[in-house]
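Okay, handing you the structure first.
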Amino acid sequence: RDQIRIVGSSTVYPFTTAVAEQFGKTSGMKTPVVESTGTGGGMKLFCAGIGADHPDFTNASRQIKKSEFEDCAKNGVTDIVEIKVGFDGLTVANSKAGPDLTFTKTQLFLALAKEVPDKDGKLIANPYKTWKDVDASLPDEKIEVLGPPPTSGTRDSFVELVMDKGAEGIDSLKALKKSDAKAFEKVWKSIREDGAYIDAGENDNLIVQKLEANPQAVGIFGYSFLEENQNKIKGAAIDGKSPSYETIASGEYKVSRPLFVYAKKQHVGTIPGMVEFVKEYVSDKALGEDGYLASKGLVPLPGDDFKKTKAAAEAMETLKGDQLM
Amino acid sequence: MTDTAISAAPRRVSDNAALVAKRYRSERRFKLYGIAAIAVTAVFLVLLFADILVKGLPAFFEHRMMLPVSVSQEAIDPQNSKDPKIIRTGDFDGPIRESFRAMFPDVTSRGDRKKLLGLLSSGAADDFRAMVVNNPSLIGTDAKVPVLLSDDADQYLKGRQTGVAKIAGQGTITASADGEKFKLVTDKTPVLTAGDIVRLNGGAFRVVSADNGAYLAEQVTAPKSLDPANAGAWDIVRFTVTEHNRRIDDQEALWLEQLKEKGVAENGIAWRFFSSGDSREPELAGIRGALTGSILTLLVTLFLCLPIGVAAAIYLEEFAPKNRLTQLIEVNINNLAAVPSIVFGLLGLAMFLNFFGLPRSAPLVGGLVLALLVLPTIIIASRAALRAVPPSIKEAALGVGASHQQAIFHHVLPLAMPGIMTGTIIGMAHALGETAPLLMIGMVAFIVDIPGGFTDAATALPIQIYLWSDLPEIAFQSKTAGAIIVLLVFLFVMNAAAILLRKRFERRW
Amino acid sequence: MDTMIKTPVADSAPRIARERPLKIKARNVDVYYGEKHAINDLSIDIPDSAVSAFIGPSGCGKSTFLRSINRMNDTIPSCRVTGNIEIDGRDIYDRTLDVVQLRARIGMVFQKPNPFPKSIYENVAYGPRIHGFARNKTDLEEIVVTSLKKAGLFEEVKDRLDHSGTSLSGGQQQRLCIARAIAVNPEVILMDEPCSALDPIATARIEELIDELRQNFCIVIVTHSMQQAARVSQLTAFFHLGNLVEVGDTDDIFTAPKDKRTQDYITGRFG
Amino acid sequence: MSGTYFAIMAALVLAGFFLGAQRARGVRGDQAGMLHSLPAYHGLYIAAAVLTVMMVIFVVGAPLASHYVVSQGLGAFDPSEVAEQLHRDAALRDIQNLIAGIYQGEPSDKLKAAAAAYSAASSLVYWGLNIFGVLAGAAVIFWGLGRITPELRARNQFERFVKYVLLASSGVAILTTIGIVLSVVFEAMHFFSKVSPIDFLFGLQWSPQTAMRADQVGSSGAFGIVPLIAGTLLITVIAMLVAGPLGLFSAIYMAEYATPRIRSVVKPILEILAGIPTVVLGFFAALTVAPLIRGWGQSFGLDVASESALAAGLVMGMMIIPFVSSLSDDVINAVPQSLRDGSYAMGATKSETIKKVVLPAALPGIVSAFMLAISRAVGETMIVVMAAGLAANLTFNPLAAVTTVTVQIKTLLVGDQEFDSAKTLSAFALGLVLFFFTLALNYIALKIVQKYREQYD
Amino acid sequence: MDTMIKTPVADSAPRIARERPLKIKARNVDVYYGEKHAINDLSIDIPDSAVSAFIGPSGCGKSTFLRSINRMNDTIPSCRVTGNIEIDGRDIYDRTLDVVQLRARIGMVFQKPNPFPKSIYENVAYGPRIHGFARNKTDLEEIVVTSLKKAGLFEEVKDRLDHSGTSLSGGQQQRLCIARAIAVNPEVILMDEPCSALDPIATARIEELIDELRQNFCIVIVTHSMQQAARVSQLTAFFHLGNLVEVGDTDDIFTAPKDKRTQDYITGRFG
């Protein structure tokens, strides 16, 4: 095989494909094949072994887990290079024709959780039909949220970054967390299934179109889609901060996550072009503040981080398991 | 028995005129239902095609500029090596950007420059590079090169972002600074509305609000002076979509308008759409990779299922003894013909990829899966074609002492061939449009390079359509529809060939 | 219309045609299938209350002319009929005539028995029902029973009227088709080789029935068997290559044919 | 290796053919008609024999050969080093890389030795197999030439060979079915060892979120397919409500009323519709029809989901119109003209004849056409993937979003590939359900058609 | 094999059978189509160099027996033949016999002319070619021309041998089929109602040809026309419901049938 193969996250996919294309154009080597399999699926394939049958890179919308790292090692995949490529803000957005929205995480939790505490702190099935039911400051519109399906890492992140934090903002649940962590976990991990939350598939583009057609609906997706479609949709502020390059890069906008690409160092030399591909990925032209990935919606790393990442990646420093969780 | 004469008085049909009228009404109504059903179907088809055509035709055009560029030795081939490999890595973007910037000498700030260059495609230099690589003697000369605009600029120029109206200024207009804003005063009845751009003295102002007789405006581009402008020296540019609902802002739109006015930006046929592979940039993306993948896949399919299908049909139609085995085969074929295609995808995934370890995303596997998928169709069509050859032909051959196989291979099969070909073409057309099973075997991937063999990674045309429909850039929507048009053209050609073949060789025995 | 009639029927009209009232009168009929000229300038008088037989070698146009009489040829797009056919003096190719009504007045029995794939009862009730003959169920039942009786089938099927018509034997099916035709009380019954698909016993049964029916109906029968024509008919018409060669009393035709071709045919010189 | 072998084989097959034909002509001399079979058949007879023998040698020999080569290569290592499959693969890759000259770094002595053994073995095998093949082929040719006599029933022998080839070709259908069943059943069994079939078949909740990783969140995991079935059926019913009447009336019009000219226009229209790929229809459904329906619904104050079952169902209905119409057209045409004649002769109008005679007679065929159409609708994937949602709502409201079996299969497999979580395996269980459901429908439909055919044949 | 023969042919063998050498001998032949018993215990002797005619009402098994003679019935899976049929003393149902060679020795002409949709030349050349009769082109051409001449077709088609066989008229097609059968130089020619699809003139032409061919071939013809049987055959066999009712010299059968059923049939009492 003389062609790089890449699998993994659908969130990182648009960026990696852009790099792959650029790489193919300028290096004179074959353009890498990029498949979107989801972060978890990508890890699984990536860790299945070394050799031409297994991919050389995997994209991930979260850091590799310790368990996955160990899995890799067991299969002989021991030299893994981690490249942190930037951030993705999870955005809650609606049509430009709709109202301007500002949410708190707790409001989002109340609107989307399967069970919410009632006045006495007892858990009941989510009774809220309109946003106004959740909080009087919100518009009097039906709750209709198009979001990622359970198969995606985006959904995982949303639940961890918004629902968990949102639940903690409620006193009775905070108490529950102390007394029964398991039960608490179940509360924030369960998204309502009565039709207010709609699994909208992986076709984020269709979600955008649907939002445009339906001004009351709200969608959840990665920042890059908001960036691409700013003429149609707008992002809601969460805990007072609107999603933008600046707020995400600076960490003010809290609902964001780092994105990674993992390389299999053992394939270097066997599969041509791996080093060059990494170089292209971390070049200023690509990952820099004005790089082409930024225009694709990737929120670049702040300057120092970027330099560090770049140096580490170009040196192909391998990952140590003990840094992982 | 004759004595059982009809006892009732003779009834005559015409007695009951009302009934007759009613029967005729119901007759007409019934016929109308049929016509209506066909009409509804036809209207649906027309809507479908119209929708796709409207969405897809822009995909076949692109906007580019012919820019004069100096092909500099330093930037491209400093060592004067004349080696295409080295030339290829030269800096082609620089000269183009320079030349483009030279068209807008007024643009000086870093931010504006960046914005201006953003109007160029990231592949703007591709054509230039190819030109020089093919013809190194250009180095050191000045050349006119085609420069591709970005997808957003292209969409704007195609009028797909906003409509533009340009109104010549009537009377005299005066702009004067008013704090951060500017005040515009005309001596004619008000013609301006909020959002209008007024261009005067080389600058541009966006009207913000009307202020009894005068207008409040913000500066978009700085004018050379604030002298009053007379009729003819100023104009109004009015967009149908407000700025914040566009991906091209007013400033960029004005630049593009200038390009248009200078006649630099031209709309040409996007041959690139047919000659390049997939890309993340809509303006660069093409269907050649997917088309090649489809063709490779179909070759595998055809190569497998035509001989196997025809052989199976001959066996079943002519040689199969009536026993359990052949009955089983028959039932199997009929059932396979109706097994959902996605289940064949599961077969490909579990058998070809996981069990036999064939490569992912390969036309070989795609072809195998599709071959199994269309095999029943071809067998059934071939059997029908064989059956349509009258037995008298076979008997005639047997009668002069031909063996059963001779009778079939010399007489029946050649006569059935048009029918078999028709069935095969229709089966292939079906395979060409099939998507779901290919998704299952990894043919859904981002693949730029044109596949060169049966085990290279490849996608297929319908998968490309599915992938593009998923991408965020709006320009991909028309690419999707454009690819659909190409796919449909192929299908029509195939179906038309099948119909012609059928017509041409239709025999009434 | 009479102006159109060019060829008057021969003065020496057959005896039977003189004895019985005239039912069907055809003058200068030509029938084409597209280019093919299937019937050539045919004129004939067919009497009521008698059986008329059309005989002739295969493809000579017997069926074609028979089907022109109830305009069944209308269903063949390429078929074109010119000339003049009258029933009871009414031109049946008149534009104002309702062909659906015409066919109700002219029953037809086909070569292969073609009962509808419905019950025996429904087969017979079909015609009366679509023409609104019966005001209620009893009425209808009466019509069905009478028709079956007339067709000589009632006794054989009376306790299985709800069985499918296709479950009967060939001869029974053909009688069912006759009952079905009778049920709408037609004036003419056309039969196109009604016995050719039947065995000799069933054939005999049908021939008997035809003989009975001729009391009340004008019957026209096409047959490829000269013997059958001789047995059941009173008038015989001999067709050859689209021409009506000779018409006459059956006895005369078979004993003293006037035309050479008729003679050759009935002596088995050809066909 | 195989390339050379097949080239040799092709050459020997050709040689066998020409030599055989030549020899037969020689035996015949100039007495025409003396041979039992034509000379060409003698050639074909030998060619077939060569082909068979050499194919068998390859099919048996190639795996043996590669096994031998691998064992020679790995023999240089300690058995413990290559006990595990994974290590074996890695070692092999190293060996091959070394031989191909793309090995990175300094090879160990062991590896060098292994590579030497490996390449020695592979060249031995390469020559061995090819030479053996040539010898065997030549031997077969000699044997065949010796057998050529005027009495040799070369034609009969060759025809027997052809017949086996034909039989084998039709056996592919059985292999395919077995392949489908195997590929689906094993994974499905795997799944049922994790989730009880009862819960699967009768559960009212579908939410396939078992933990993909040990530490993943949101792993409630409910695998009840009732909502999927309900969603599938809802969309199918809508589709049939569209396709049933439109298809049937089109068929009636085409078969009974249309002049040949109209037919020659309308038939291609329906064929075009039948040929439109479903991904195209899905694109149309998702981007044009669904928003349209939503817009209309809202103008009537209805609450329409953006991925309504109605939109997917309508477009799917359009897709299956040609199925219904062409199958119905066939059965209506199969109703013998004599029945129509019988009815016309009774004074029935055309529509009466159609309604009371033709349609009842064609009913079984039409029913089975509908069943085939239903099985199409149930198995259709792309339209619903693009236009129907993923929300497993148990509802019969056509304006709501539902999901289907095929959508779930596609989502579960293309989203994340993993072969041991219940989530991924459930796709195969769904595949199994789909397979048997459509199988049953088709089987019944075919039986009905067969019965119906018998009625008129 | 002779032990199997239970019914010896009647002593009073027909005159023609005594005059000419015996060609085809059938004893106790039964033919079944699945359950259906189509031929019942049939024994017959057919002489060489003569025309033998099989007559009888439709479905009586004439074609079935004819097709048993060249084992054309083998192509019908449900068909089963028992008993013994010999040609020139060789049992044709013997396992070691090559049926393809047998059919080359027994030509067959079918009811509907069925030329191959190839050129006239190729139609005739096909048989000689697959049997390797001709070593070169001239040989083959000679065979083709001779066969066409024998079939009386050569003059009509000699300058369009490359035209399609299907472009000929019905009678010409049938003669082409006869030429095709002759071209492989068979010993027996079986003809199943060879004229039923033809017009009287073409029929006469074929009958004339049959008369000529009988000098060199053993000809067996099935016909539904008693007249035709009378005109062309020397031996006539009358079939009825699967039984061979009567065999005899044609003149005897038509003038003095022995069996009541034969008599009824030829006088038109049934059929």
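By letter and in written order, the chains are A, B, C, D and E; residue numbering begins at 1 in each of them.
Here, a residue touches a chain if its C-beta (ideal position, glycine included) is under 8 Å from a C-beta of that chain, and two chains touch if they have at least 3 such contacts.
These figures come from a predicted structure and were not determined experimentally.
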Neighbours of chain B that also touch chain A are D
Relative to chain E, which chain's C-alpha centre is the most remote?
A
Looking at Cα centroids only, farthest away from chain C lies chain A
Of all the chains, which has the CA centre nearest the overall CA centre?
D
Chains most often in contact, by C-beta pairs:
B-D
CA centroids of chain C and chain D: separation to the nearest Å works out as 56
Can you check how far apart chain A and chain C are, centre to centre, with Cα atoms defining each centre and the answer in Å?
85
Centroid distance [mean C-alpha coordinates] between chain E and chain C, Å:
38
Counting in whole Å, what is the centre-to-centre distance of chain B and chain E, each centre being its mean C-alpha position?
65
Taking each residue of chain D in turn, which ones touch at least two of the other chains?
155-156, 286-287, 347, 349, 352, 385-386, 414
Counting only residues that touch at least 2 other chains, which ones in chain C make the list?
100-101, 104-105, 130-131, 184
Residue ranges of chain B touching at least 2 other chains are 13, 23, 403-404, 444, 469
What residues on chain B touch chain E, complex-wise?
321-322, 390, 392-404, 406, 410-411, 415, 507
Using the touch definition up top, name the residues of chain C that touch chain B in the complex.
98, 100-101, 104-105, 130-133, 139, 142-143, 146, 149-150, 152, 184-185, 212, 215-216
Residues of chain B touching chain D in the complex
13, 23-24, 26-27, 29-31, 33-38, 40-42, 44-45, 47-48, 51-52, 55, 307-309, 311-312, 314-316, 319-320, 326, 328-329, 331-336, 338-347, 349-351, 354-355, 372, 375-376, 379, 403-405, 426, 429-430, 432-436, 439-440, 444, 462, 465-466, 469, 477, 480-481, 484, 487-488, 491-492, 495, 499
Of all residues in chain D, which touch chain B in the complex?
155-156, 159, 162-163, 165-167, 169-174, 176-177, 179-180, 182-184, 186-187, 245-250, 252-254, 256-257, 266, 268-273, 275-284, 286-288, 318, 321, 347, 349-352, 354-355, 372, 375-376, 378-382, 385-386, 406, 409-410, 413-414, 419, 427-428, 431, 434-435, 438-439, 441-443, 446
Touching chain C in the complex, chain D uses residues 259-260, 336, 338-349, 352, 356-357, 360-361, 455
